[in-house]
Amino acid sequence: MAVDGFPCKPASTVVDDDFFSALMVAAPSTKNPFGVNSTRATVSVFPGLNTLGVSITRTDLAPGGINPPHSHPRGSELVLVVKGEVMVGFTTSTNLLYSKVVKENELFIVPRGLQHYQLNVGTGDAVFMAMFDAQSPGLVVPTLGLFATKPAMPMEVLTKTFLLGADEIDVMKSKFVGF
Amino acid sequence: MAVDGFPCKPASTVVDDDFFSALMVAAPSTKNPFGVNSTRATVSVFPGLNTLGVSITRTDLAPGGINPPHSHPRGSELVLVVKGEVMVGFTTSTNLLYSKVVKENELFIVPRGLQHYQLNVGTGDAVFMAMFDAQSPGLVVPTLGLFATKPAMPMEVLTKTFLLGADEIDVMKSKFVGF
Amino acid sequence: MAVDGFPCKPASTVVDDDFFSALMVAAPSTKNPFGVNSTRATVSVFPGLNTLGVSITRTDLAPGGINPPHSHPRGSELVLVVKGEVMVGFTTSTNLLYSKVVKENELFIVPRGLQHYQLNVGTGDAVFMAMFDAQSPGLVVPTLGLFATKPAMPMEVLTKTFLLGADEIDVMKSKFVGF
Amino acid sequence: MAVDGFPCKPASTVVDDDFFSALMVAAPSTKNPFGVNSTRATVSVFPGLNTLGVSITRTDLAPGGINPPHSHPRGSELVLVVKGEVMVGFTTSTNLLYSKVVKENELFIVPRGLQHYQLNVGTGDAVFMAMFDAQSPGLVVPTLGLFATKPAMPMEVLTKTFLLGADEIDVMKSKFVGF
Amino acid sequence: MAVDGFPCKPASTVVDDDFFSALMVAAPSTKNPFGVNSTRATVSVFPGLNTLGVSITRTDLAPGGINPPHSHPRGSELVLVVKGEVMVGFTTSTNLLYSKVVKENELFIVPRGLQHYQLNVGTGDAVFMAMFDAQSPGLVVPTLGLFATKPAMPMEVLTKTFLLGADEIDVMKSKFVGF
Amino acid sequence: MAVDGFPCKPASTVVDDDFFSALMVAAPSTKNPFGVNSTRATVSVFPGLNTLGVSITRTDLAPGGINPPHSHPRGSELVLVVKGEVMVGFTTSTNLLYSKVVKENELFIVPRGLQHYQLNVGTGDAVFMAMFDAQSPGLVVPTLGLFATKPAMPMEVLTKTFLLGADEIDVMKSKFVGF
């Protein structure tokens, strides 16, 4: 598979540190309109994961912050909350919504490919680890995939998708400039 | 895998017709706000596909009709246009948009899990066949997964996702009542 | 897997056309002893399919034309007839024969690896699309693999396989010269 | 997958013998027109293989006996000759023939799905073990799948496949009555 | 695969809590000779993981406690230390040892099937989460699989494995009574 | 997968011998403390196996010889005894021991990843073939992975694993010098 297509190091050059990563240590800034920041330890930045079928993402959420609805094409996501209270929800192929408020050391599982979100519903900062059964699970953020593409999505697609006028769409798009 | 979890018929009861389906024959009505109608021959309605790793969907589009942005969690999609002119586009994990106008007997491939749309840009009706490397590729329609879930998506998720007010969200939601 | 072993283009050089193919458009000549012509859109000629697990073949059949018994080592085949009337049949590991006359927009599924044929039983030309859950499903044509190999199959193998004399085998082989 | 679709025994009822089989011990008769007899230890007769991805077949060949050209839809075959001298050959998707005379304890590998044969070219009996990376690799014998199916293959398919007359086909079919 | 062989709940009975687990919350006692306690959230106790390809284990280590050398037949293990300082090491097929002291929020990856250990090298308690790309990764603890089996491993196997006498083996076995 | 990560030969350079190996022919010396010698035909020494999912190992056992407890991370093992009487046993994740004395042409299956041993319980030499559903099944020998690693396993890990003193461990380690 191309998504797993990284070469392996020659065995003689492998060292202990190849299997180690400190990527999850830092608490990144959540000062942005969504109050969210995700740090990914996928194979492209932690090469030791190559061929091993796992990766992890740390997501920090400011109070009230949201990790907006998105999906991962190539992996299920096991959410482990390490700080705070996070509402996690996902929708099925028949648009049923399953959700739960998840607290420290609690788990929530999101089936592969389904659209889901995480919302900080506690009073302080929240942090969760998202573990995937893929070294590169991929990311589809529908809002960015509609309002922030290069080149821009044809306006006709957007107006017909939302059944709104171009003026209303332009308002929506203006929120996503720079993402 | 649960998604493939259908039992097989006892071998002694298998007949020729188990491998046959006429589901793609009828041209369904496209009289709806999006001008689209998809007929699916997945394993749940064509049991002969069980364990065989393929399925197909016929999509009819009225002039100007759209198959709104969506993704399939468990399959790549090979689009074969059988009538008319269809603009097909998909967005990547880095929000690049690739698209093309596809005509009769031409092909367009959408990588598994990525968000894509089909828009009838011709002057008449259009029909395309979408072939999947999965007996049950699944379907994620972000708009329905935001505005038409059961139970309803919390308003806080929607306002924070679109960075809009509840009034504006209510207008958006009103378009999707009944889907 | 070696059969999927094509490198991916550098992401920065990918263009819209990489995901597009017009290979299925032309109606090739069926003027040959079998009255058949197959045009394949597998990964070797449609590189955009790489890693995506699907491919398609267009087969044109003259009136009475046959796509002789063959199998695909690496894929199930979903047959979609787009013109005419085609008898499709396959045999199982216990030599049961399942077959059906399939007409426009009707489907027939051939399980992976099994021997099958397609025969034009209508009065005019016929065309079908064969969709595979593999980017390179492979092709085993037993007659060619017996009578048209390089180097030639030992005569002892052929006489013992068919329980016929070398003279009779030579008659059979003469039909496949040049394939 | 249906081909792997056997239920597992309840853990509390599992005994040592579930993992054991003596199926390969007996030397079966090779008195038949082909001088061949294959004994299979696949999951249907050795249930302990269930889910474990391997199986084995013992094939006995009389002097001059042949295991006629055939393929296995779901497995590669590693041939280990345990007695005698066996010519093993297979043909590729482009009808190249690779073959070799294989002697005691020597190996020959046949890639999954490709058509191959084994011919006893020694002076005495021969025996080989064929090991598969599948608990149920399946079996496609083109001659049986043409001349010995139930129901019978339409004569039109046979005459057009071999470019011969019905009389000649009837001669060929007569050799396979009772298989 | 049998290891994934759990039936799915009927869709109509699925509730939010099916995707939630609090199994990782409690800090279990580490008062035992090894100073270790592992709590597993695999599919057998967290059924919502069924078919989703992930699971997690929480391991608590007393100061100086060890999670003795073991392997997981069906999964890679991504170690996330959540408290303390843990030396993690694994050995390869050629008996090279790779190890590292891992601290809070740091990661260490153990390739699937390889023997590894975790040792608390800090001054206080330690806790780590082990994430797997399998809903039921399995567990092989060589010491238990030698000294604590039912029925008992034949003494001849043990003496020959360690090249020691039966008396010495009996001393070793005595440490593992009751596990 | 990296374990399958060998390039394929250019098709034009492939010859008959690429699919052949005589690695299993020689009977190697079993003069060593364990009375065992294993000869492996995995992809690294039999390149024709590349991508084909199978490999084989020949193990010779002197009278009373043992193939000490070990596991294969990436493959199930189907044991075919070709000479003598071999006790084969494996332990499960719950430390149940299943074993059987296996004689000429008899089979025993060891599920993937589980710890197992083979002991010659006959009066003469014994030989068995171990077939794997992997081109490179890997090898974990717990004793070597504890007592013969490079660099050496920390003594603290060993004493805590066996609940023994350093002196006793040193005696154990002394047996494995040079392996």
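Here the chain labels run A, B, C, D, E and F in written order, and each chain numbers its own residues starting at 1.
The criterion applied here is as follows: a residue touches a chain if its C-beta (ideal position, glycine included) is under 8 Å from a C-beta of that chain, and two chains touch if they have at least 3 such contacts.
All figures in this text were calculated on a predicted structure; none of them were measured in a lab.
Peer 1: Quick one: how many steps at least from chain B to chain C, stepping chain to touching chain?
Peer 2: Graph distance in the chain contact network comes out at 1.
Peer 1: Farthest chain from chain A, comparing Cα centres?
Peer 2: Between chain A and the rest, the longest centre separation is with D.
Peer 1: If every chain is reduced to the average of its C-alpha atoms, which one ends up farthest from chain E?
Peer 2: C
Peer 1: Between chain A and chain E, what is the separation of their C-alpha centroids in Å?
Peer 2: 28
Peer 1: Where the centres are mean C-alpha positions, what is the separation of chain B from chain F, in Å?
Peer 2: 49
Peer 1: Quick check on chain F: which residues sit in contact with 2+ other chains?
Peer 2: Chain F, residues with two or more chain partners: 99, 111-112.
Peer 1: Name, in rising order, each residue of chain C that touches chain D in their complex.
Peer 2: Touch residues, chain C against chain D: 33-34, 64, 66, 68-69, 71-74, 87, 89, 91, 93, 95-97, 99, 111-115, 117, 119, 138-146, 148-154, 156-157, 160-164, 168, 171-172, 175.
Peer 1: Which residues of chain F touch chain D once you look at their complex with the stated criterion?
Peer 2: Result: residues 14-25, 41, 46, 48-49, 52-56, 58, 75-78, 80, 82, 90, 98-100, 102, 104-112, 129, 131-134 of chain F touch chain D.
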